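Take a look at the following structure, please.
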Amino acid sequence: MTFAQVLTPPSVGWIAIAPEIVLGVGAALILLFDVQFKPKKSQLAFATALVLVTAFVFTIVQYDRVQTFNSATTDQVTDLVAQAFPFNLMIVLDSNAVFGRFAMLLVTGLGLAAGWRLFERLGARAAEGLALVLLSAAGFTFMASSTHLMMIFLGLEVGSISLYVLAGITREQPRSEEAAIKYFLLGSVASAVFIYGVALTYAGSGSMNLLEIQGIVSRTVFTRPAVLLIGIALMVVGMGFKVSAAPFHSWAPDVYQGAPGGIVGYMASAAKIGGFAALIRILFTAFPDFASTWGPLVAGIAALSMLLGSTVALVQDDVRRMLAYSGVAHAGFILTGVVAGGAGTSEVWFYLGVYTVQLVGAFGVVAAVAGAASSGASIDSFRGLSKRVPFLAATFSVLLLGMSGLPLTSGFVAKFGVFTEAWQAGYEWLVIVAVLASVIAFFFYLRVIVAMYMEEPVDEAVAMPGLSVRTSLALAALITIVIGVLPGPLLSLAGEASPL
Amino acid sequence: MGDTMLTALILVPVVAAVIVMLLPANRKELALPVGFGLSFIPLAIAGYLFFHFETGVAGYQYTQKAVWYEAWGISWNLGVDGISLGLVALSVILVPIALAASTNITDRTKEFVVFTLLLEAGLIGSFLALDLFLFFVFFEAVLVPMYFIIGIWGSERRIYAALKFFIFTAFGSAFLLASIVALSVLHNQQFGAPSFDLRDLMSLDLSLSQSRWLFAGFGIAFAIKVPVFPLHTWLPDAHVQAPTAGSVLLAGVMLKLGTYGLLRFNLNLFPQAAVDAVPIIATLAVIGIIYGAIVAIVQPDLKKLVAYSSVSHLGFIVLGTAALTSAGFQGAVIQNVNHGLTTGALFLLVGMIYERRHTKQIADFGGLAKVMPIFAGLFLFTAFASIGLPGLNGFVGEFLVLIGSYSSIPGFAAVAAFGVILAAIYLLWAYERVFTGVPDKPENQKLVDLTPREIGLMVPLVVLMIVLGLYPKILLDRTAASTEALLDRVEQATTYEVPEPGRLADVFAGITEGDE
Amino acid sequence: MIEVTAGWYLSLAAVLFSIGLLGILVRRNALIMFMCVELMLNAVNLTFVAAGRALGNLEGQVAVFFVLVVAAAEVVVGLAIIVAIFRRRESASVDELASLRG
Amino acid sequence: MTDAIWLVIALPLAGAVFLHFFGRRLGEPLAGIIGTLSVAASFAVGFAAALPFIVEEGAHGETVMLWEWMPAIGANLEIAWDSLAAVMTLIITGVGTLIHVFSIGYMHGDERFARFFTYLNLFIASMLTLVLGGNFAMVFMGWELVGLCSYLLISFWYTKPSAAAAGKKAFIVNRIGDFGFMIGLMLVFTNFGTLAFDGVFERVPEILDEGTATAIGLLFLVGAAGKSAQIPLYVWLPDAMEGPTPVSALIHAATMVTAGVYLVARTAPIFEAGPNAGLVVAIVGALTALWAASIAIAQSDIKKVLAYSTVSQLGYMFIAVGLGGYIAGIFHLMTHAFFKALLFLGSGSVIHGMHDEQDMNKMGGLLKKMPVTGITMGVATLAIAGIPPLAGFWSKDEILGVAFEYGGVGIVLWVIGLVTALITAFYMTRQWFMVFTGEPRWDKGVEPHESPRSMTVPLVVLAVLTVGAGFLNTPFRLTLEHFLEPSFELVKVAHPPEGWGMFALLAAISVGAGFAGMAMAGFVYSRPREIWERFQQGFGRLWEAWAAAYRVDDIYGATLVTPGRKLSERLAFTFDAGGIDGLVNGVGRAVRSVGTRTRVLQTGLVRNYGVGFVAGLLAVVIWLVVAGGGV
Amino acid sequence: MVELVIFVLVGSAAIGGALSVVFAKNPVYAAMGLLGTLFSLGVFYVVNLGHLIAAVQVIVYAGAVLTLFLFVIMMIGVDRVEDTSEPLRFQRQLVIGLAAIMVVTVGALVFGGEFAWVPLSVAGPIPNGTVENIAGIMFTDWLLPFEVTALLLTIGAAGAIALAYYAPGAPEESE
């Protein structure tokens, strides 16, 4: 018996990981290209764009494939299962995964375009930076498509480690370094906690595959080993950390403030997408039977996040810090949809999609105003922005109002969706907390608008940003409004995004 | 034509706003005239609508319903009835006036016009929406333009006022949102699909406690908007700081969202809770009437005085709503319009004097009637309309409310009637201090009387005040069927009976029954 | 006769993990904090291995490899960050890094 | 003609509107003439429309609907044209025309000449709305509109702060009365379901029990007391003398202030159903009559005397209508309109001739300078003193007779009436002597002169009416009574005692009282100033109290106005700004401070964050294990 | 019995090593403590039939990773004896509190028998963790994770360059 005979080849479905392949290969090529040819920044930009577009195209192909799966008749199903769950059930090609990729690629594109000036200033390290962005994107999309805890963990690490580096990539800035080390230390602790959770879940259930776990758990629903519960708890904590939900949020403000302005939007958005994608996979796919157990827990975290995020954001003087705290609150809002269980998937996805676009746009504006390579962005630098660069002020207002959940923006539809789901699931109190928190949230969003429109300009000159930045910001604002007015298409798309 | 009318009414201001926005940046003097001109289109549409409105029909007219997102049961669902018709008309009338009154806005004029037009669209949308989701969208969206109008073009403490206005109202909306969510969930549970259509939701089977909680949720939102004592403190601040156009539209139309909401949603959706809540609402309304008036008396700032007078006047509308009688409802509906006209006019006038003197402090004036007789005359006229002088519009609504509420809640009506004395005190005392006597301050002696433009602003309002005062039929004819229908709805859904005249004993019995 | 079951190892792993976790809170040297993270990862590995034996499946042991790889990657990046910090400050104490706060 | 009855209101209203826009351009005296003509035309229309009642005794009135106003409460714009309305219309337009004529002269040279006539015309229109209104709401409209005109005209010379304040005071005090009136209306609506006279009066017996009727009556009394300046709401009327004198004559003597009397008469069925309310009306009237008369004794301002006299005379009318003597009340209303208008116009003439001097202490001996004024005022003084056969005698005597016939409390009222009559005769005579006889006490530079024709002619016409109007309703020939009867057919109208003997006796007593008063005054005030000053000092503090009008204004100020203002200030600046708004802002601050405090946790120190993280982790683990049932 | 002895002895060593990581004043001692723990765990892997990973543990972890650590320690300075006083306010109290809770929690779990759980599914006796057996899983079922580790290593390389590599003469840009 030769070695090869021992191995049964796995079911391979390249299309299921095609975007990630493109991203990974693209990143590698960019690195090589950089070493070999010392390309100009515009060439790097082109290459990156090409990678993203290609990945996007593959994602569209995937979407088409998923539509075929979804409309398959029963007798076709068996044939399609292998295609839908390639690599021996390691990942899945379902709407959830595709939606996650769409969101992730969109956010990556917008984030890079909006923060492009950072890469122009990075000098020789721009290629590494870009490669890291692409790689981390691949990691987070893996989180969205994995059905295996180890894959989720790997995706998490691929994404997170890249982000640690990106946080510190402007190493000449002391604050950037500080952000990197904080993010790194706390992040690796959180990763350890998560993987410990995986280990205990494995110990408790006997598998790391979410689908198998679900099967095992549902068969023995009366036995609930403590190790399994601790495992769930630790995985929730680990993901809570990634999405910066209170009380695991403390890294976020420091990192978002300290990290380079041009990349922080991507960092914040990508981590949220990956974290939530994995969280809902774990909770909805593996542990729907435990919903009554983790539901209140998630609800508690959600409530704490919303209240803490909103109130502390209220007293911030740095816009990026404020956005970080508001991100804590938003994690809470999204968790409000998570408590509803599988029924809330589409609303959670919708929220994630529109919020991350707003977030990436908002940080893009901050980068344009306060510098793409610098740390921090005092609210004072936004004073009178409407008179200096009306375009930035207007887009920022739209994005901030979108985040605040004002009607006719996508944020409102998103909030409405998760609130409805939570109410439907019986978490009325959580909805009340959520609406009150969103009132508090209005205050700090408006404060920035006050500074931009109602206060006198400061002397600092802000240049009209370049075309790529403008396009990216305009697109983010446009999406916010269009989706706010016509949420139907995206809602339907998200509505399909329930995990297989 | 008919079914797209209302959509057009909402969209035309939006399009107008876009047109103004697209005007060349270096021709900013164009913004105001263009915006003003365009604002006549909604006026024309609404005028057509008003005069082709079928009187004596209770249901919604010109309805249009287009699915927005089916899975959530939301739709673009519009319709107008007697309760909303007057408010729509009021909106389209006040907007051109507010725009024409804003020639003093030279900073970022274009944005100002855009925001005003967007505000108009939002306000009209709120009055026309029959889908609760859509209503909430408009209800909340109008905050933004008003927030900017106060915050950018207001006076010294404008930022504080704008934020307070926004947050306070948003606080109320939060409960409204939660309640709307709850309603749709209930509809989903009872009928298998979510819906936000007001008419669908009226058929929900609510337990008493559900109905009370939801009533409270809606109620808080609207009470803040009205504003009902003790949730009123945002109003004086907002008014004092807002520019003239802002104050006019805020007091004239925006506050009516609250009273309109109470009539339209609270009564239709939760009749039993409404009947039970009558004592509470009436108490707050009466406190508002008396309290607002008493506090208005000593206000040193003219605008603040008018603002508090709004608190008082809107109390009457709330009282009429709580009366649950035909006359009370009609009074509330027509008073909505009347208050918009008179208070709008008062704010315009205060704005005119503020432009000249850059102060609104009563103590800074005196003897103005000598130097500005036309201004004084218009002010006095409007003040008397506001006081509720019969023959002018303010009286019709107030009187209907008082008479109407006396037959169901006599004690409250009697106390509320006291408010008419106080109204005379604060307005006439203010008039005395501002206009009578000899103009002894040199700044006041040089004042110029109103320009033709300013007089032109007031003329439509004055004419309407007289017309609605003497011939309210044009409005009452259109409202009567709808208010009757609303009353029928309340009667059918509850044990409440509208008191018949001559059965005073039954009236008291009716109230105690409602408490059970 | 006391049999050493997987539970024993899991308990030991829990203790080690806890020690690592507390170590993060106690030590201010970034390097040692990072060692504590390694300690935690090793506790995880022990759990995987022991659980794998109890479950009769080798996946636990396979998982250890991946954790190991992750740990290695983390070490590379982590040490790079620490070195970068040290370059500037001549110290690896995280207590001195508090310019971002509030 | 009845169909065109709306013209009665429309003509003066049109005059007002026309003068408002064009009066200034027309100038003097054209604006005044147009104003006068519009009222005169109104009188003519009214007279023509009243002919049916005159020609055909007992003719019933009818209601003319104009257009819908507030149909939900049975309140439309409609005119109830009956004999009562006709009488009122003729009084208002008749006296109004004369006063308009007088004003052309009186207001000569005023820069707002045209505006004055605008207001006067508006007033006439409003007053006619009041008396012609076919439902309570319309009466109320007129009721308020005359208040508005009163406000405008009192503060006509608004640059004078006292005038502006007086106008405001009048309006506000009236509003207090209106408050009662309005609640009365609410009660009416609640009981009848309509405010239309047609739907109310005939159904009073079937619907109203005595208690409700009394309640409505008393509430109407509150309104009437406000408008007709009765205790305790009379305080505005003396101040109202700040207005131009024709205004005082027209509004504050002849017409508007009698609205309360009209109201009680109009709503007679209700008072009949609740007789106690009527009794209270009468008692209030009697007290007011005596109270105001006593104040009038010591006034030195020529117009103040007349003002208090008006209050006092209105009290008489209240006695009458309160006791059911509606026709007596209306009769006195009419005669009073003539002689009090005459007195006011006369005083206006005096003031005009004396260059705006109103203090009687600075007059004297004017008879020679102003003979027409002096003589006509003398006639009026005799009339108000109740000297036969002048108009005042007949009407006052009828009222006293009604009171006497009522018996019981009525006798007391009768006695009060008599005393009042005596006092009235005293102070009116005092006034005449102080003004027209004795040594001139004029200020330097004052050159009294007789007024122009436009002013004296109305005086003469009114003097003729004062002499003759009484014969409209003497016990010998009850013309007015028969004329008005159809309007009161729903109620039993009270009359003086039957029989000539009784009449003669009562007349003798009242005339005696009148003569006594006149004699006393004449004895004192025909003599030099020192003598009457000594006489006045003889009363000591009492005289001072009278002169100070019992300091009622001060008492009101101290008990109502000042505390009210304090309350307002407390509420506005302490409770509202500090309390409620403080609470609101406090909530905001509290949320902020939560944020500020929580923010401290974010120390920037990784190890602190670690503590938070681990604490959260432990909490989650423990919670999940415990709640998950794993243990 | 043997296993018990091993467990107690080696387990003590592991805990001892772990504690010295936490409490050793000198970083080198801490690293040595960690080394001890790693070795101990290697022993446990052997006991638990994980022969391959035991080897990998020793080679990769103890060999490579720890060497890297030591290298950095050397670079930063061996002799630095750390100040053990606690400069942060409340930190010590909080940590002691948390430690107490943790001890109670873990103790409750351990002595409550929560770790002596009954797995929800047992596949049967475990095969030896030989190279063959491990590879049989890693390159079939776990092929994808295995590929993904490539990304991790790329990141490690790129990250290290981005953070720590200073190209000679390349100007550092900053705003």
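Going by the order they are written in, the chains are A, B, C, D and E; count residues from 1 in each one.
We take it that a contact is a pair of C-beta atoms (placed from the backbone, for glycine too) under 8 Å apart; a residue touches a chain by one contact, two chains touch by 3 or more.
In this text, all values refer to a predicted model and were calculated from it rather than measured experimentally.
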Worksheet item: Touching chain C and chain D alike: which chains?
Response: A, E
Worksheet item: Using each chain's Cα centroid, which is most distant from the centroid of chain B?
Response: E
Worksheet, complete the sentence: Note: of the two pairs C-E and D-E, more contacts are counted for C-E
Item to complete: Give the identifier of the chain nearest to the protein's overall CA centre, each chain being represented by its own CA mean.
Response: B
Worksheet item: By CA centroid distance, what chain is farthest from chain D?
Response: E
Discussion item. Quick check: how many Å separate the C-alpha centres of chain B and chain D?
Written reply: 36
Response to the item:
Per the C-alpha centroid definition, the whole-Å distance linking chain A and chain C comes out as 25
Worksheet item: How many angstrom between the C-alpha centroids of chain E and chain B?
Response: 68
Fill in: Centre-to-centre distance between chain E and chain A (centres being mean Cα positions), rounded to whole Å
29
Discussion item. Give me the residue numbers in chain D that touch at least two other chains, ranges are fine.
Written reply: 588, 599, 602-608, 610-611, 614-615, 617, 621, 625, 630-631
Fill in: Sites on chain B at which at least two other chains make contact
167
Discussion item. By the touch rule stated above, which residues of chain C touch at least two different other chains?
Written reply: 6, 10, 20-22, 24-26, 28, 33-34, 50-52, 54-55, 57, 59, 66, 70, 73, 77, 80-82, 84, 94-95, 97, 99-102
Worksheet, complete the sentence: One finds touching chains in the pairs A-B, A-C, A-D, A-E, B-D, C-D, C-E, D-E
Worksheet item: In their shared complex, at which residues does chain E touch chain A?
Response: 109, 112, 114-115, 117-123, 132, 135-136, 139-145, 148-152, 154-156, 158-159, 161-163, 167, 170-175
Practice prompt. Within their complex, state which residues of chain D touch chain E.
Written response: 603, 605, 607-608, 611, 614-615, 618, 621-622, 625, 630-631
Fill in: Residues on chain A engaged by chain C in the complex (per definition of touch)
150, 153-154, 157, 161, 164-165, 168, 171, 174-175, 177-182, 184-185, 188-189, 191-193, 195-196, 198-200, 202-203, 206-208, 227, 253-254, 257-258, 316, 321, 375
Worksheet item: Mind pulling up the chain D residues that touch chain C in the complex?
Response: 599, 602-607, 610-611, 614, 617
Worksheet item: Quick one: in the complex, what on chain A touches chain E?
Response: 3, 6-10, 12, 17, 24, 27-28, 31, 87-88, 90-91, 121-125, 128-129, 131-132, 135-136, 138-139, 142, 148, 150-151, 154-155, 157-158, 161-162, 164-165, 168-173, 180, 203-207, 216-217, 219-220, 223, 225-228, 230, 371-374
